[in-house]
Structure formats: structure tokens, C-alpha cells
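Chain IDs A, B, C, D and E follow the sequence of writing; residue 1 opens each chain.
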Amino acid sequence: MYRETEIIKDAPQFGEPGFGDLVINVGPQHPATHGVLHLIITLNGETIKDIKPNLGYIHRSIEKMCESLTYRQFIYVTSRMDYLSAHINNHACALVVEKGLQVEVPERAQVIRVLFDELTRIASHELWWGAMAMDLGAFTPFFHSFRERETINVIMEETCGARLTMNYYVPGGVMWDLHPDFQKRVKDFITLYKKKIHEYDELVTGNIIFQNRMKGIGYISPEDVISYGCTGPVARGSGVHSDIRKVSPYSIYSKLDFDEVLETGGDSFARYVVRIKEMHQSIKIIEQLIDNIPEGDFQAKTKAVLKLPKGEYYQSVETARGELGVYIVSEGGTTPYRIKFRSPGFSNLSALNHMIKGGKIGDLIAAMGTLDLVIPDIDR
Amino acid sequence: MFIKDYIKDIASALKSLATGMKMTGYYFTHHKEIITEQYPDNRDTLVLAERFKGEVVMPHDENNEHACTGCTSCELACPNGSIKIITKFDVDAETGKRKKAIDTWVYHLDLCTMCGLCVEACPTNAIKMAPTFEHSVFDRNKLVKKLNEDGSKVRAGVE
Amino acid sequence: MGAASLIVLIIAAVAFSTIAILIAKVVTKSTTNKQKGEAIECGIPTKGPSWIQFNVGYYLFALIFLIFDVELVFLYPWAVAVKQTGWMALIEIVIFFFILFAGFLYAHKKGALKWV
Amino acid sequence: MWSFSEIAKNIDLWLNDLVGSTWALVLEMVIAGVAVIGLFAALGLVLVIMERKVAAWIQIRLGPNRVGPKGMFQSMADTVKLLVKEGMTPDGADRLLFNVAPFIAMIVAMLLMAPIAFAKDFQLWDMNIGVLYITAVSSLSVIGILMAGWASNNKYSLLGAMRSGAQIVSYELSGGLAILAVVVLTGSISLTDIIKAQENGWWIFKGHIPVIIAFIIYIIAVTAETNRAPFDLAEAESELTAGFHTEYSGMKFALFFLAEYINVFIVCAIGATLFFGGWMPLHIGNWQAFNHIMDYIPSSVWFFGKTFFLIFLIMWFRWTFPRLRIDQLLNLEWKYLLPISMINLLLVTLIAILGWHF
Amino acid sequence: MTNEELKVKLTELLPSATFEEGGEWLNVYIEPAALPAFAKQLKSDEVLQFDFLFCLTCVDWKTHLTMVYHLRSTKLQHAVVVKAKLDRTKPEIETVSDTWRTAEFHEREVYEMFGVHFLHHPDLRLLILPAGWEGKNPMRKDFEDPVNMIKL
């Protein structure tokens, strides 16, 4: 309808705050930052001239902590990084330890891991969807998305014993076998999801106000996406082929039939569409696997005390927010010598200033919503 | 045509708004869809998954015996030091041999992150996670618990 | 009750608000400290003054509004008289709107209706 | 059948007998003042619980359900909570303006009550320029908001107030033009006359499509004028934390809150009066039997029923739609609502002159 | 490109570079001074096109610091690890944030955690740590903080 937003392709250059400029702190206690992100914004009227992020309000130095934890123990801390895709973080750590130990993970464990990864991805996107709509001023989607997310949480709780920070993956497999009800529960979830998913389009995607708030906002070009190191739906919204599950497949992803969702818009709406379509792809993966869980062990035999050979190990996985890399430097001991988490949110946040410069305050909220920032993931 | 596009725009916009309102209207009139749980009221019927990791407990059987030998592998496995095992030496009444046993199994619930690594590490399955979650107390010290009961012993045959 | 009702209403509003605030003053226990008096800005002390000249972006809207609002006031007597006047009223208003609309289109062309 | 007007008349007679005409007038004023305050408070309580319940049911929740039966006294508990909260004034604030702003908001909300006909022959002041009065007074509410936003010495408040200024200034035009559609059809700006003109059917049914368009424009414009979502930019909580009342707490906040709900009630009452006949029961042309049955329902029930339906509509909007951005909001007004309402007014004029309306 | 081909090509670009294999990817050790020019070449070279810096970090080896740059090409899908040894007492290196803009934030993180000074960085301030932490570098191995650290 009254679509007027021009895509600001080249971020305008502004000088230092001058006459008539307001410097406003958004966050750390702000409803739209989903946590304790602190942005120092320079405003001219309603137009944003500059954004300076200020991080670290929940920095726990997880990397330093991991240096004193053994290879079995450090996995649990990573659940607390990006708490919305805790399983996938754990997966990355388990994979990197297995890579160092050269352990063959049983087929059953791999399938279980992929199933839980995809369920986590859906749950994460559901929460993002609700929270993003809430940022834009619509409260109802938040509650509707939690209805489906709750179903996933129940599945998690039943098998893993927790709802958010599960610590279910261990080096060599998973901690326990699946709960007997797992398959039935997942199928129930798929039925519910398919019954309710059209409401997402009715309530939000098709809404004219929503589309106008989203289209043309927070544009970032493919070159800038690569330069800023953005990954995940942010990169794919600009058409950059960046899904780690396709780029360098891990676990059993190379054998699965799913598509990498690519949109070429580069704006908030493209990122939104990518996430919505990714949920469908995750459902597709779950449907392929849920009836074909192979029998066998759920955990490979590993030694009681794990020692990674001297060397450097890197493994990246695709979390709900993008590429999570785990870089371990081992000196041959029981604990990592140095560990580095390349978190997706950190790089995605660095592109925020570039995206929003010259936009309005409302655009900041809309663009930040589609970046899907999880603050513990950025601060670590 | 400008006017035609203009009207078309408005029509499609109104339609999209009406679609959303139809959906919310549906939920407004269909109270069966409500999913709220009324938590403190449904305590009696609340079923938690049996695997739910709420706190570490040490099951004792009817003879007040448990399976913990005091090997401290759980203490070593714990990533944040919420377990502290104080051992003592028991004298076996029949053979007269001195045997290592636990004196106090201290559990810091206030430090615990419910990762379940201690349960995994236990060689004798002496501890397990219990599906409880109402841990709030006014004094933090109350969260430091002694898991083995007074006068309890190691079950015979557990090594 | 007539025009006196307006005085009654104003007194009622003031009385209601005053009583409510006074009751609240009596009931609550008030403390002061330095942090309490700070302006709320997400927990960070404000940087620079808030009372500055800044670009509100709708100065032109206000001007155009003025024109249209005056027009709206003119329309009230016209609207009351439409039925008696008949066709003449329609012709007059078409001319009136035509002039207004021309000005409106001009403003639009000039970019006055764009929030900056 | 009893009616409000007869009760009022009887009280008037009784008081005149008792204390003489001068004191009777004073006493009547006091009674009216107390009644209005009572209505104010009652409306606040009812609308807050209504909003919360509507929101809850749309959001597949139960909503308040602890205080009283089904949580019906929740808003009482809210009031008590707000009453015992400390009302703070920030150090840097302009104290006079800061404290006066809620009074302005309340006075404006209260003044708008004057011409509304709550039931048959029951209104405070049957003024002959009712529509004009409402248009004029309702635009004053922006002053309270601007004062509050400016006086707070808070950047969020300032931005919220400025937005609110632009918004209310703009949406007044299309709202006024939508009201004019009914004025043209009636040929009068007295609310009594407008209600009388709907004796054989409400304007929304009698006036063909142009009146329906006028109604839609009216409901959009008043949603914006009362700062309700999706036009709640002045207090957009995800952008400006709480907009112009960020710094307000305790009872002063409650007054703003109350004024907002009363404003919603009033604009809906005006909407009901203009397009749905106010207290006028549902009459269809000359179906005497049907009209007679409808007359059995008291006129105040008709009035409140229609008003609350419109209030529900506005609440329904709020819990369905996302918020607009400030420039989109103004675009909607200046590029869509204003031209459409102008053309619509021409169409209505045509209908009125040709006498096509029923 | 395979690791062998990369080795040949990189030696062409920078003869002083030394290589180390064994990990997943080829490790290139370079002199810190050669970094900015080398980085630009890595990005712009037709057959290399390392346009994506996906991980930038630092390792404290107690005797020296090592900057680690993980690079990948989004078009050609090969990867390389560039490393540069720094003096531990006065660590300084040129910024690469003009080549890969993601480095701006990562370098700020390394700056506060390891105390590495990035020359010509556009905005080298503390990012995560609160004001007043300058000079103390938490991720170094010899860092002790009696207040905030809990020893297990």
C-alpha cells in the first residue's frame, strides 16, 4: 500500500553528533533489545545517525571457564551461550571433541542428534517469530508461537530431562536413549504444526502493516554480508550461500533431502521469509527421519578420561542464528588449552550500524528483530 | 492506471487486515483453544517427565541402605563443584576389615546446573535426578543438602 | 443543564484528580535518593540535555494541517446548509475542494508530506 | 416504563419543592458532578478489565482470574496498586508542567462528556453545536501529552510527545471529514437532531456505501487520535519504552491511563451516536411492529451496547495489528485517508442532494 | 583448491611465509608486518578469493601470542588459517578491518582480552569489558582476578 521506504543501499555518512542531535541509550533495560544489549544511538529527529553497541552486561567469559573444564564438562557451559539453540551448541562441541578423538558416532546417535537439532531450530524460530512481532507492536503472535514451542519443550523435557539447557549430547553420542513416547510426540507436534502454520501467515506475514514495516528495511548487500561475516538467515536473506549443513556438511546432513533457503531481498522481510521457510525445511528433515531411526547404540564407547591429541581443531555447525564455530587448541591434556567460540550473533550485530544508518527508530526495532540477537551468544 | 492501482492497493490492504482480524476473532470466540496452565492450582495433577533433571537425590531402600561407595567420581565429574563427599572408614563387623564409606554426601543445590554428569559418572547408580522443581527458599544455606540419611549404610554387594 | 455543566465537569475533573493524588500521597511512603530522581533511560545516566532544539520533522505537516483545519471549519456551515441549497452546494464544494486539492498536490510534489 | 429523563425530572421537581430553585440548581450540579465522577471511575474499571479479558482470549490465555469471580475485580486491585505506588517527579523535570499535564488530560476527557446523550433525553448539555464542540475539545488532548512529554526532561518522552503531536494533528482532518458526512445527511450539527434523524434507521444502513466508508475512516482516525495500537506511536513500548508517560508513576500515571480509556469510550460513543443512532433502538423504516418491539429495550442499553461494541472493535485492532512507523502513519493519513474522505464527502453530498438515502 | 595448490600459490604471494600442516586446513605463518598487504592479496586474488573471515582470535602461548585468522572463500569453498606471532610484552599488529569489516568487532574483543594493539583500527575501545579494565587482559594465561574468578 503506502509503501514509501526506499532501500538505502549505501549507508549515508554522518559526522559526529552535532547541533540538534540527541544521544539516546537504548538498553540495557529496554523492551526491544531482548536482554541486556546496550546501544548508544545518535538521533536527528527520528533519523538514526549512528549506533554504537556496548556489550558485556552478561559476559561470563565462557572461553576462560572452558579452559579449566574437562572435555566432558565443557559441553554443558555452551548450552548457556545461545540458550535458544542449546542442543546445536552442544552438537558443535561434541563434534569437535569426536574429531580430535576420532570416535565413530553410532548411526542412531547421529539421527537422534539431527532430530533434536531440527526441533531446536524450530523452537528457536518460533520464539524469534513471536518476539519479533512483539517488537513491532503485535502482542498476540508471541502467545500463539509459544503454543507450538511448548509442544517441542515437552518433547525435550521427556527425553533430555530439561527444557532449555539440556546437556544431552556427550562426546560419542547422546546421554540416554530416546524416550519411548518420542516418536508419537513428534508426530503429534508435526500434525499440530501443519494445522497451525497458516495462522502465522494470516496474522503476520500477509499483514499490510507488517509488510510495510519490514520491506526495504535494514538492507544489506551480499558483499557486505560476507565482509561483515554475517551468517545464517541474515546471510541467506541476502542470497549468500552460507548454510553450513550444505557448505560443509556434518553428521548425516549430506544424506538428507532438504533445501537451503535463499532469498535475494536483503531486507528484513527477506530474512523473515528465510526463517519461516527454514521451519518448513526442518519439518521436512524431521519427517524423513522420524520413522527411520536406526536401531543400535546411542553412545560410542569412549574412555572415562578424554584427552585430545596435541593440535588444533575447528568445527562449525549451523545454529538457528548462523554459523557457530568451536576452535580448540589442545596441548594433549584433559582440558582445552584455548577455546574460542565464533558466535553468529556477534558478527551479525556488527552489521547493525551499517544496516540501520539513515533509518528511523522504528526501523531499528524491525531490523534488530530480524537479526534475532541472543545476548548471551554475543557476550559469551 | 494510477487510480486502479490505488484502489487495488487499498482493497488488498483491507483484505489482509480482515484476514488477521478473522483469525484473532476466531480465538476470541473459541475458548476451548485456551492453553493456560493454572500452575499452583494444578499441583496435584501436574505430571513431570520422569527424566526431568530437578535435583540430585540418593535413593535409600527400606533397610536405610544406599549404593554409594564414596568413590568420588561424581565429585570429579561435576563441572562447578556442587558435590563434596566426605569419607570415613567403616569397620566391617564380620571380617573386621576397614572399608571406605561416605560420611556426608554434601550437595550444593544452589550451585548445581542440573547437567546430569554426576549421574552419568556414577559407577554404582547410587544417585539419580529427581523430577522436582520447587526449590525456592528464603535462606540460601537451606539449599546445601546432605543426601545420605543418618545411619545409612552401603548396600551389601555394591563395590 | 446548559453551559453550567462545563464548569461542573471541569470542577469534577480537577476534584477527582486532586483527591486521587492526595490519597496516593497520604497512603504511600515516599523516599528520595539520587538515583530515583534521574531520568529513565534504560538504566544509563542521560548524556547531554533533553531540552534541545531538534528536528521534529513535522513542521510542514503542521502548516498544511492549519490550512486544512480552517477549511474544515468552513465546511461545517456548508454541511448544515447542503440540503436546503441543493445543487449549488455541490458545485461550490467541488470548486472549493479542487482548489484545496491543487494546493495539496503541490505540497505533495514539493515533498512536504515526507517525514524527514 | 421508567427512563433516566423522568428520574432526572422528578429529582428536579423534588429539590425545587424542598430547598428553592437556587439551591436546587447547586445541588443538582453537585449531583451531576458526583455522577460524572462515578461514571468516570466505573468506566475506567470496566474498560481495563474488558481490555485485559479481550487480550487474553485473543491470545489463548485465561487472563485475570484471581481477584473476584473470574477475575472481574482485577481492575480494583490494579487501582489499589496504583494508589499505593509512589508518585515520583524526576529531578530535572519542569515541575509545574509535569504535575499539571495529567489534570489537562483529565479535564479534556471530562469535558467531552458534556454533549453525549447517554439515554433518551438524558444528557448534560443539549448543545446545538455538539459535533463542532467535540471536534474542538478533543483536539485539546494533544496539549496534555505534549506538556507531559516536554516537562519530563526525558528523551523518550520528548520523542513520544512530538510523535503524538504530528499524529493527532493529522488524523483530526479525516476524522472531521468523516463526521461531516453524517452532518451533510442530517443537515444539523446538533447531536439530538442527528439521533432524531435516525429514527427510521441508522445512518450506517441508510446512507449506502459512502457512509460505511466514512465510518471506517472515522474508526481509523479515532484509533489514531486516542493513541491506541496500531497507532500507539506516542507510547510505543518497544521503541520508546513508554513514550510520553515514561517518567510518570503512581496516581499521575493512572490519570493518564484513565484519560486514555475515557477518551476511547467517548470517541466510541460519538461514533455510535453518529453512525448507529446513539440511544435510538434498531428501527427499520416503517415496520411498526418490529420498531415497537425494539422500543422495549431501554435506550441506555442500546447506547452502551453500541458503544461497547465499537470499543471492542478498537481493542480487537490493538491485539491483532503491529504498529505503524511514524512516516507510514502520516502517509496513511495524507495520501489515503484525507483524499478518500474528501471524495467520499462529495459522494455523500450527491446522495443528500438527490435524496437517495432512505 | 587443495592444500598443496594453496601452498604453491601462497608462496608465490609471500615468499617469507612458512607452512604447517596436520590440522584440517593449511596453516600459514607470516610476519606481523606483512599482514595488511597479504590480507588484501588474499581477498582480491582471482584464484584465492578469501572473502570471508569467519574466525579471528588469539592464543596465549605464555612465551608469545599468536593471532589466528580463519579464512574461507564463499565462492571457491576452500579455507586457510593465517597465523602471526606477536611479542608478548608489546603486542602490535596492523588491523585487517579495512579488508574484512567483521574484524572490527573481533579485533576489539582480542584487544581487551589479550591486550593486542591493532594499529589503524577505526574504533579501538573496550567492547565487552566495563570501563577501567584497560591494561588487564583476562584471557591471558597469567591473569588473576581475585574478585570475579572462582577457582574450582
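Brief remarks follow.
Methods note: a contact is a pair of C-beta atoms (placed from the backbone, for glycine too) under 8 Å apart; a residue touches a chain by one contact, two chains touch by 3 or more.
Note that this is a predicted model, so its numbers are computed, not measured.
Touching subunit A and subunit C at once are the following chains: D.
Of all chains shown, A has the CA centroid lying nearest to the centroid of every protein CA atom. Ranking all chains by how far their C-alpha centres lie from the centre of subunit B, first place goes to C. Chain centres computed from CA atoms place E at the largest separation from subunit D. More inter-chain C-beta contacts link the pair C-D than the other of C-D and A-D. Each chain gets a centre from the mean of its Cα atoms; for subunit C and subunit D, those two points are 15 Å apart. The centroid of the Cα atoms in subunit A and the matching centroid in subunit D are 45 Å apart. Spacing of subunit A relative to subunit E, judged by their CA centroids, is 25 angstrom.
Each chain gets one centre point, the mean of its Cα atoms, and the points for subunit B and subunit C are 56 Å apart.
Each of the following residues of subunit B touches two or more other chains: 10, 17, 20, 23-24, 35, 79. Residues of subunit D found to touch two or more other chains are 58-61, 155-156, 158, 241, 319-321, 326-327, 331, 335-336. Of all residues in subunit C, those touching 2 or more other chains are 41-42, 46, 50, 56-57, 114-115, listed in ascending order. Looking at the complex, you find that subunit A touches subunit B at residues 1-2, 69, 72-74, 76-77, 140, 147, 150, 154, 157-162, 165, 167, 170, 175-176, 179, 199, 202-204, 206-209. Per the touch definition, subunit B reaches subunit D in the complex via residues 10, 17, 20-21, 23-25, 27-28, 31, 33-36, 38. Interface residues of subunit D, counted against subunit C in their complex, comprise 25, 28-29, 32-34, 36-37, 40-41, 82-88, 90-92, 102-103, 106-107, 109-111, 113-114, 124-125, 131-132, 135, 150, 152-158, 162, 165-166, 169-170, 172-173, 176-177, 180, 183-184, 187-189, 241, 246-247, 250-252, 254-255, 326-327, 330-331, 334-335, 338-339, 342, 345-346, 349-350, 352-353. The touching residues of subunit E, when paired with subunit A in their complex, are 22-25, 27, 51-55, 57, 59-60, 68, 70, 74, 77, 81, 100-102, 104-106, 109, 127-130, 138-139, 152.
Against subunit A, the residues of subunit C that register as touching in their complex are 41-44, 46-48, 50, 52-57, 114-116.
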